[in-house]
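Letters A, B and C mark the chains in the order given here, with residues in each chain numbered from 1 onward.
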Amino acid sequence: MTQANHPALEVGDLIVSRGNHSIGPITFQLSIGKQLALTGGNGIGKSSVLQAIAGLLPVTSGTIRISGESMLSGSDGVEPWRRGIAWLGQERGLWPHLSIEAQCRLVARDGGKTAEQIVAVARSLDMAELIQRRPGALSGGEAQRAELLRTVCGGGALLLLDEPFAAQNQDGRRRIEALLEQECQAGRSVLLALHQTDSERETVALAEN
Amino acid sequence: MGRLRVLGVLFLLLIGCGGEDTRTVTIYCSHDRAHSQKILDLFERDTGIEVKAVFDTEATKTVGLAQRVRSEKARPRCDVHWSNEPLHAVRLAADGFYDVLPLGAGEGIPAVWRDPDRLWCGFAGRVRVLALAPETAAIDSPPRQLSDLAMERWRGRVAIADPRFGTTASHMAIVRSRIGPDRYRQLLESLRANDVQMVSSNSSSRDRVLSGEAWIGLTDTDDIEVVRRRGSSLGEEFLRGDGVLLLPNVIAIIKGAPHPEEARELAQWLLKKEVEESLAASSSRQVPLRREVPVPPTGLAISELDPVEVDWKDAASQLPLAIREAERILLDHR
Amino acid sequence: MKRDIGAFWALLAVMIGFYFPVISMMIHDGLFEAAAGDIGGSSSSQLVILTTVRIATLSAILATLVGLFDAVLLAGTRGPARVLIAGMLLATFLIPPAALASAVQGVIGSSTLRATIRDELGAVCMLAFRWAPVACAMLLGAAVLWPVQQERALRGLSPRVALFVRARCLVPQALRCVGLLILLLICASEIPSYAGVETISQRVYARLTVGNAAEGWQLALGMLVAVAPVLLFLVWKLPLSGRSQGGGTVTGLPRLRGADLLLVIRSTPVLALVLILAITAWPRASEMAVAGSEFVDGVVGIFQELPRAFIASSIAVICGWRLADGGHRWGLLLLCLPTVLPGSLGALALLHVVRPTLPLILDDLPILLTLAQTCKLGAVGAAAGLVASRVIPLSESNSSRLLAPVTGRWRVRFPRALPVLLPAVVIGVALVMGEVEATLLMAPAGHPSPALELHQLLHFRNDEQAARIALLLALVGSMLAAIVVAPLRRKDK
């Protein structure tokens, strides 16, 4: 649902509350086909901002527009599944009762990848032999890549990824970077939450108010 | 959608396939299932009419079958009501739930045990008695009437079932009807002052006497007979001072019954003297209302008991008040 | 709005089966013409309500404490015959209350249960004895489904400290358990009557029996007012659970000899109860043939009832889960209310209001009975739904919310909730199989009812057959529980 002339994501003066703690105001934009990283120390609120954009955390004030559409209209805002996003959380969110392939096919129902594309992406992440397994049979690093695989297989032009490189060795990182680059070339936009990033990636640094 | 239609038709066929040409009759029965089932099985064999029975349970655990009859007024499912105590049946008759019994039903049963409008008929009943603990003063000089239970020597040694339910409630209503509301309240207050033990049922009252926790338990003859046949020994006193109180079983036909013809047949059959004889010989030791019906050696003959005559309609009308006052005096002050 | 409409089907059963007929009956019986001050009846009836609440609360607390003790030992240690012990502990719930109370009373004697001013202690002890397995099942389920990291952290502690931490962490679920048990016990009448204690249900029956329905409703509403805080507590905020996958194997669980001994001691009264029933059930030589035939009839009756009980229980639990999953707290409250009131009230209302509108052809089917019993299990469904929706780790739940609602709910969250929902269904099946109030009023003639038959047998002193039926019910219930729980057991991979 990308509309021409609108950025993939616009966040304006966003304030998010988590318990007694307030994060923001934050303002940034993400163009179509680009990557942007939110950086900052532990507990600064990177994950909270991502969850708020995904519709998984309530917003105190500010604006969130995805492809030009406001996500905060109505009393509860637009529901997560209608926002045209794919979200990878910091904690394991794989569903233990389904194989990785079944989970990918489930999320791909709404305009996501085809079966062949799922296998191709799995291969690029060195997961091809593992997608028949259930999450309980994967190591920590494999589970992390599996969850990224599932996220990428879904529909949604905007990818929200919280620490996608966690528990990855150099080869794993390289594969993930390559995958993200491929997705951006296909027209998707990527917002990441990272502890630290290399200088090549555009960043927005969150700081204590 | 097509599959759903087929399933629906199959479902209707399945329900419909109940053998509509088999004659059936439904009875709601409060009498002991073990005995009444045998009698109903005999009826089935004799007549070929299938009997579908719903049996009652202990009154304090749920509202009874009488309430079920009331709640089905708009569309009765029951054909015949066999109640094991008369007052609720009399109230149902007064409220228009019963149809007239066929002429000749209960032939030989005296008029005092029937409704003058033929809406119900009594048969084979049980007697309100005191169960007495053996080897106690209760056996040596037992109480002869209810008011004796308030004597000092019986303080804390008398057990009475919840007076709001079952035959105890009927007993209270009949007493109130006979002695009047003031004397009734006085009686209740004297029982309370004498620390009477309130228990949940007649069988609990009997069990208190069996275990020795009470010397005297107000109960029914069938409750005593059941344990006697199992080898327990209990004394029995018929409260002749008040007049022996016999509570008959009652048969009635439900108005608007789905199978009226079969209902009349069953009602007539149950009111035969052979059924009274069978109940008299059973472990429920019912008392036949027809004097000519033989009773076994351990049984009770109506001629020996000479039970008191009761104004059933008046007693039934007193039931709610009797229960209310018993609750207030005996239960609320515990 | 769409969300609320989507959840409405979960309230359909309770609306048709309870609220519509009950409100119609209340109007018909003139309840709303009575003054507000009449709610709860006279002052003496209000005292009975207080007594009932007191007994229900004390029993619920005691049952939960015992259940917590059992759950912590079973979840936190390993040892021989644990499955057998768990099955045995379940027996006191699966044996119908009338049989349990009758057996206890037969051995101990009714006056020995008496204490202080009234027989309340006896009633509390027997109710707690019966319902402790339900508390154990709820808390054991919560303990076993802990996140694996938390479970592993516990195994690094000394066994006694680990047991204490485990118990402490179960406190929020234990409080919910107390709330649920209070709702389930508030209209208990069988066991208290055996202990000689009057509860409000008996007073309601007394009013209904003589046609004073309006006052019966007043008393019922009084009960509702008395337990309103518990209802609100049960369906309101429940803290979210762990943050990663659940499960864990038995590797690393400590072996404590003291725990083995305590469980054996804990199982002894249950074993005694089962032995008493078994001895009572054994027929005399002259009655073997009759007893055999009665036994076979009993087995057939129980298995005939089992599918219907399963349907009623499943509907209640699924509806409760659906409402909890959607965050519909008011819906959960509505689902809980029918549990509080005596079953006879709801059943009579259904018979008066709904039955006349049904086609005649349905009269021979136990549809209304199933509906009434489904409504009565509302609180079980609500509690199970709440716990199940909280047991799923937040990260899994969040990722499922990115799917279309129906897909996320039924393909992801519902299967994840099954470890909690299935045991709740088993509890519901046991409750339906032991239910007599609605059964007496609504079961079609000739419909098998083991619980009703058991009551009748006990009342007419056929203790042997009553004991046989009680043991059969316990055995069938245990088998069902074993089938349901086996896949959820911790095992070494």
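The working rule: a contact is a pair of C-beta atoms (placed from the backbone, for glycine too) under 8 Å apart; a residue touches a chain by one contact, two chains touch by 3 or more.
Source: prediction; values computed, not measured.
Colleague: What chains, if any, are shared contacts of subunit A and subunit C?
Modeller: Under the touch definition, subunit A and subunit C have no mutual neighbours whatsoever.
Colleague: Greatest Cα-centroid separation from subunit C: which chain?
Modeller: Chain centre farthest from subunit C's centre: A.
Colleague: Suppose every chain is reduced to the average of its Cα atoms; which one is closest to the average of all protein Cα atoms?
Modeller: C
Colleague: Centre to centre, by mean C-alpha position, how many angstrom separate subunit A and subunit C?
Modeller: From the centre of subunit A to the centre of subunit C is 43 Å.
Colleague: How big is the gap, in whole Å, between where the Cα atoms of subunit B centre and where those of subunit C centre?
Modeller: Result: the chain centres lie 33 Å from each other.
Colleague: In whole angstrom, how far does the Cα centroid of subunit A sit from the Cα centroid of subunit B?
Modeller: 75
Colleague: Would you mind listing the residues of subunit B that make contact with two or more other chains?
Modeller: Not one residue in subunit B touches at least two other chains.
Colleague: Quick check on the complex: what are the subunit C residues that touch subunit A?
Modeller: 243-247, 393-396, 398-405, 407-408, 411-412, 415-416
Colleague: Please name which positions on subunit C make contact with subunit B in the complex.
Modeller: Residue list for subunit C touching subunit B: 44, 47, 98, 105, 109-111, 118, 189-190, 193-194, 196, 198, 202-203, 205-206, 208-212, 343-344, 348, 351-352, 355-356, 360-365, 436-437, 440-441, 443-446, 452-453, 455-457, 459-462.
Colleague: What part of subunit A is in contact with subunit C in the complex they form?
Modeller: These residues of subunit A touch subunit C: 51, 54, 56, 79-81, 85-87, 89-98, 106-107, 109-110, 135-136, 154.
Colleague: State the interface residues of subunit B toward subunit C in the complex, per the touch definition above.
Modeller: Where subunit B meets subunit C, its residues are 12, 15-16, 18, 26-27, 32-34, 52-68, 70-72, 74-75, 77-78, 88, 91, 162, 164-165, 197-201, 203-204, 207-208, 211, 213, 226-227, 230, 319-320, 323, 327-328, 331-332, 334.
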